[in-house]
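Chains here go by letter, A, B and C, matching the order in which they are written, and residues are numbered from 1 within each.
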Amino acid sequence: MARFLARRVLLGVVVLWVVASVIFILYFVTPNDPARVIAGKEATAQTLAAIRHHLGLDRPLIDQYGSFLWRYLQGNLGYSYYNSEPVSTIIAQDLPVTASLAVGGAIIWLVLGVLAGVLAARRPRSLADRTVTSVALFFYSMPTFLLGLLALTIFFYWLHIEGIDIFAPPGYVGLSQSVSGWFSHMVLPWLTLALVTAAIYARLTRGSMLDVLGEDYIRTARAKGLSERRVIYRHGLRAAITPIVTEFGIDVGTLLGGVIVTESVYGLPGLGSQILNSVTDGDLPVTMSIAILAAAFVVVANILVDAIYALIDPRVRLS
Amino acid sequence: MSQGPRGEGPRSVGAVGEGGGDRPGVLLELQGVTKHFPVKGGGFWRKSHDAVHAVDGVDLQVRRGETLGLVGETGSGKSTLARCMTRLLPLTSGRVLLDGEDITDLKRSQLRPYRRRVQMIFQDPYGSLNPRRRVGSIIGDPFAIHKVADGAERKRRVQELMDLVGLNPEHYNRFPAEFSGGQRQRIGVARALALRPELVVADEPVSALDVSVRAQVVNLLADLQDELGLTYVFITHDLSVVRHVSNRVAVMYVGQVVELADRHDLYATPRHPYTKVLQSAIPVPDPEQSERRARVQASGELPSPINPPSGCRFHPRCPKAQPICAQVVPRLEVKFQDPPSHLAACHFPLADGEELPRAEAGDVARVGPGDGDRRAG
Amino acid sequence: MSTFGELVEEVAQEPQLGAAGYEAGVIEAKGPWRLAWDRLRHDRVAIGSSVVIVLIAGMAVFAPLASALTGHGMDAQYHLTGLTSAGVPVGPRAHFPWGADEEGRDILVRVFYGARISLLVGVSSAALAVAGGVVLGMLAGFFGGVVDTALARLFDVVLAMPYLVFALALVAAIGGQGGILIDIAVISFFSFGAVARIVRGQVLSIKEKEYIEAAHSLGAGSLRVMFIDIFPNLLAPVIVYFSLLVPSSIVFEATLAFLGLGVPPPTPDWGSMLQEAINWYNPAWWYVVFPGGALLATTLAFNLLGDSVRDAFDPRYNRLFARETE
C-alpha cells in the first residue's frame, strides 16, 4: 500500500510539473503582454518597460521558469500581474463559490444519476426504463452551456416576466450572508452542472446493474425469497457500484475544469470565472496556480479512487 | 486410396547414427536446448530469480522424411520445445541447427528464409485463424509475406492448396467462423504447406478436434507427407495418435526427454517407467482385454517446473524409485541389448516384459489423456 | 490395437472422403461486418439519426444556397431590416425566417454556415484522436517494455490534465491566429488518451492469440502483424469509439467558442452565436432556439447513431433504446 501510494504521488508530482511547464511554455511562446493590459493603450514604451521589469518579465526565460517552480515548491503562489494581489488571496476568495457549486452539483448528479439508473435497470424496457433512458440521452447530448442558457431563459426570465421570482438572477450570495439567498442563487447552477453528468451516471448505473442482475447469484438471492428491494440494493447495487465510483472520482477530479462553463453562464465569481479572465488578461500567475490546483485535484481524486476501489472490491489488490 | 501412409506408417529414411554433426539425413538438430521463463512478480526493487524450467537440455535429431512423435503430458514442455525448434521463442541456451546451419542466434529478419523451410500447425483451430480475415487471405499470407505470388496468381495457388487439403476452393471468401473445427484445421494445414516447407512442426494438431474428425486430419497429414515428401515433428499428449503416425517417438517429462526410440521398440519394450505408465493409459476398445491388462498408474501430480525434483524428475511418482534416483540425474543412453536408436534416461530401466508394481487404487492420479476416450464396449 | 488406429482405418474406407470429397456441411454464416451492417440497416433509430445527420450535413453543404435565397450574406449586417427602430433584433418573418441577431445578421444563414464548423471540427477531431490513439495504443501494446511504459505514462498524464483549463490556456495562447486548426488540435489532443488506453488493452490481449504466433511463424514483420493481423480486430471498437467521439468533440468545440476561445469572429459558429445571444434571450428567443436547436439536434443524432453502431457490433450490450423485437 505504501509503495503504491509512493508511486502514485510520484506520478502526480510529474503531472503537476508537466502542467506547470506546458502552461509556462505556452504563455511565452505567444505574444502575451500583461504590461499593456495593465498600463493601457496610451502607455509609453518607458512605462511598459518599467512594468515589465517590476513583474520580472524582462529576465531570461529559464530564470523565470526556475523561480516559478521554486516558488511553487515553497508553497508560494505569487502575485497577480494585474492587480498585485497575492494569488493565494484570490483563490481563497473564489474557492467558497466554486466549492458551493461543486459539492452541491456532485451530490445532485450522484444521487439523481444512480437512482435513475437503478430505476431503469429494475425493469428493462418498461415505461420507467424508456423514460429514464430517453431523458438521459437528451441531457447527455446537451452541452452544459446550452442547458444553462435554457434554464436561465425559462426559469428565470420567463418566470420573471410573469412576475414569478422563484429563482434568483445570475450572481452569487455568500452562505454567511444569507442562507436562503445562497440557496436560491445556487439551484439553477447546481442543476445545470449536475444534469449532464447525471445523465452519464444514469447510463452507467443502468448498464452496470443490468450486467450484475443477470448473474447467477442474483437469481439465487431471489430464489431464497429475499425481498426485491433487498436484492436490488444490497446485492445488485453493491456489486454494480464499482465503475460508478471510478467515474465519480474522475469527474470530481475534473470538476474544477467543469465549473468554468457554469460559472461563466451564471456570472458566479468562482475559480472558473477567475481562470477564464486570467487567461484572457494574460495573468500568468493566476492561470498557472489555478491550473495546478485543478491538476492536483485530478491527481488526488485518482489516488483516492484506486484506494476506495481496493476497499470495496476485495479482488483488487494494490501492487 | 492406397494403403501407403497408414499401413505401416511412412517409410523411414535409412538408419542414421547418433551424435552431433551435419550428417546427411539429419534435417533439424537440437543440442542441449533449454528454455526458462522468468517468473513474474518478486518485489518492486528486486527481480525474482525463479524461473519455469519449461525445457531443460534437450538433444534431438529430426531426420529428413520421418515423423518424429513428441509425447508428454500437459506441462511437459513439448509445446515450448516446438517453439524453440521453429525459433518462435529465443532459447535460454543450447543450439538449433537446420540442415547443419546454426539458426540459434538469428534475428527475426535473418530468420525469414528459414521460416519458409520450417512451418508450424497449431493446436487451436479457433485461435490460430484470425477471425476478422477471409480464409483466402489467411492461406495467401505466406505468399504475401515472402512475396512469392500476387493477385490472380496468389488466388490460383491458394485455391490449389484448398483443394489439396480437401476444402472447397469456392469458399475462398469466407470467414473462419463459417467453417467447422476440422475444416479450420485444414485451413491451418494449407497455410503451413503453402510454401512447401521441408519440416512441419505440428503442435497437437488434432487434440482440439472431435474424435471422429481427428482421424480425417491425421490421414490428411499422412497423405500430404507422402505426396510432398514432408518431415514432421508431431506433438501430442496422446500416445495412441503418435503410435499411428510416427516413425520414432520421444517421450518428454517435465522439460526433458526421458525415452527416445523407434516406434516399435518403444511400444514393444518401453524402458522408462514413465513410458510404461503413459502406455497403460491408452484406452482399449475390448473390455475383456481391458480387464486383463494391468493398469499401472503413477501417483501424485506433475511436479512444478519452477522447482523440478532433483535427480530423475520422475522419481517422486515412480513406483520403482530408489534413493539414487533423487540424487543422480540419469543419462539418456542405450539400455540392455537395445539397438543404438533406443535411448532411455533411467537408473532402473524396465526389462523386456517387466510390469510395474501396481499402485493402489484410489490414491493415484492418472497420467496421460483423460478418461473421455475410454469406451464401455 | 488402439481405438484410434481402428478409427483411422474405418474413416479411410468411407467413400465420400479422401480423393475428391470435401468435408460436408459448411456452416452458413455471415461475416462479422456483414452482420453488423445488417443490424444497423434494420435499426430504426440508426436510420432516423442518420437522416438528421444528413440534413445537418446538407445545411453545411448548401449554406451558400441559403445565403442566395435569402439574399443575406453570412456575416453581412442589416441594420435597417434586421433591427427594429429601437435597435432590437427582429423575430422570424418572411425576410428573416429564423430572425436576426443583435447586429442585424440573418440567423438562418449563420446557423447553416455554423454547421460547417461544427461538423468539420467534430468529425476531424474525432478522426485525429482515433488515429493517434490507435497508433500510439498499438505501439504501446505491441512492443511492450520501455515503449509501453513510456507511452502508458503519457496517456496517464494527458488523462490527468484538467482538460478544459488546459484547452483554455492553449487556445487563448495560440488561438485567434490558428482558428479552426488549433481547435481540432486541442480537442483531439485531449481525446486521444482514452482511445489509446483502450486500444492498448485490446492489443495486449490480441497479441497472445495463436493466430499472431502463426503470423510470426510465417515470417511476418512487425508492421505486417500490426496492420494486417491486429488492426482488423481493433476496427469494431475503434468505429464505435469514433462514432461516440464525434458528438463529444462537437460539444467541446461549441463550448470553447461559447467561452470566446473558438473560431475567431465573424465566422458563424453555433457556440459563439449562443455566447452573443446570452444578453438577448429575453426579447429574442429565436437567437437561442435556432443555433441551440441545431447544436442539440446534431449531438443527439450522433449519440443515437453511436449507440446503434455499438449495438450493431455487440448486440449483448444493453443499449438505451433497445427495440422490443430482436
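Throughout what follows, a contact is a pair of C-beta atoms (placed from the backbone, for glycine too) under 8 Å apart; a residue touches a chain by one contact, two chains touch by 3 or more.
Predicted, not measured: the structure shown is a model, and the values here were computed from it.
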Chain closest to the middle, measuring from C-alpha centroids that were averaged per chain: C
Outermost chain relative to chain C, judged by CA means, is B
I'd like the Å distance between the centres of chain B and chain C, where a centre is the mean of that chain's Cα atoms. 49
Just curious, how far off is chain C from chain A if you go by their C-alpha centres, in Å? 24
Indicate the whole-number Å distance between the mean C-alpha point of chain A and the mean C-alpha point of chain B. 60
Tell me, which parts of chain A touch chain C in their complex? 11-12, 14-15, 18-19, 22-23, 26-27, 29-30, 32, 124-125, 130, 133-134, 136-138, 140-146, 149-150, 152-153, 157, 161, 203, 206-207, 210-211, 253-254, 256-258, 260-261, 264-265, 275-276, 279-280, 287, 290-291, 294-295, 297-299, 302
Which bits of chain C are touching chain A when the two form their complex? 153, 156-157, 160-166, 168-170, 172-174, 247, 251, 254-255, 258-261, 271, 274, 277-278, 281-282, 285, 288, 292, 295-296, 299-300, 302-304, 307, 317-318, 320-322, 324
Which of the residues in chain C end up touching chain B in this complex? 2-12, 17-19, 21-23, 25-29, 31-32, 209-211, 213-221, 224, 228-229, 232-233, 235
Would you mind writing out the residues of chain B in touch with chain C in their complex? 1, 6, 83, 86, 88, 108-109, 111-112, 115-116, 119-120, 122-124, 127-134, 141-142, 145-146, 166-168, 171, 174-175, 177-180, 182-183, 186, 188, 191, 211-212, 214-216, 218-219, 238, 240-241, 243-244, 282-285, 373, 375
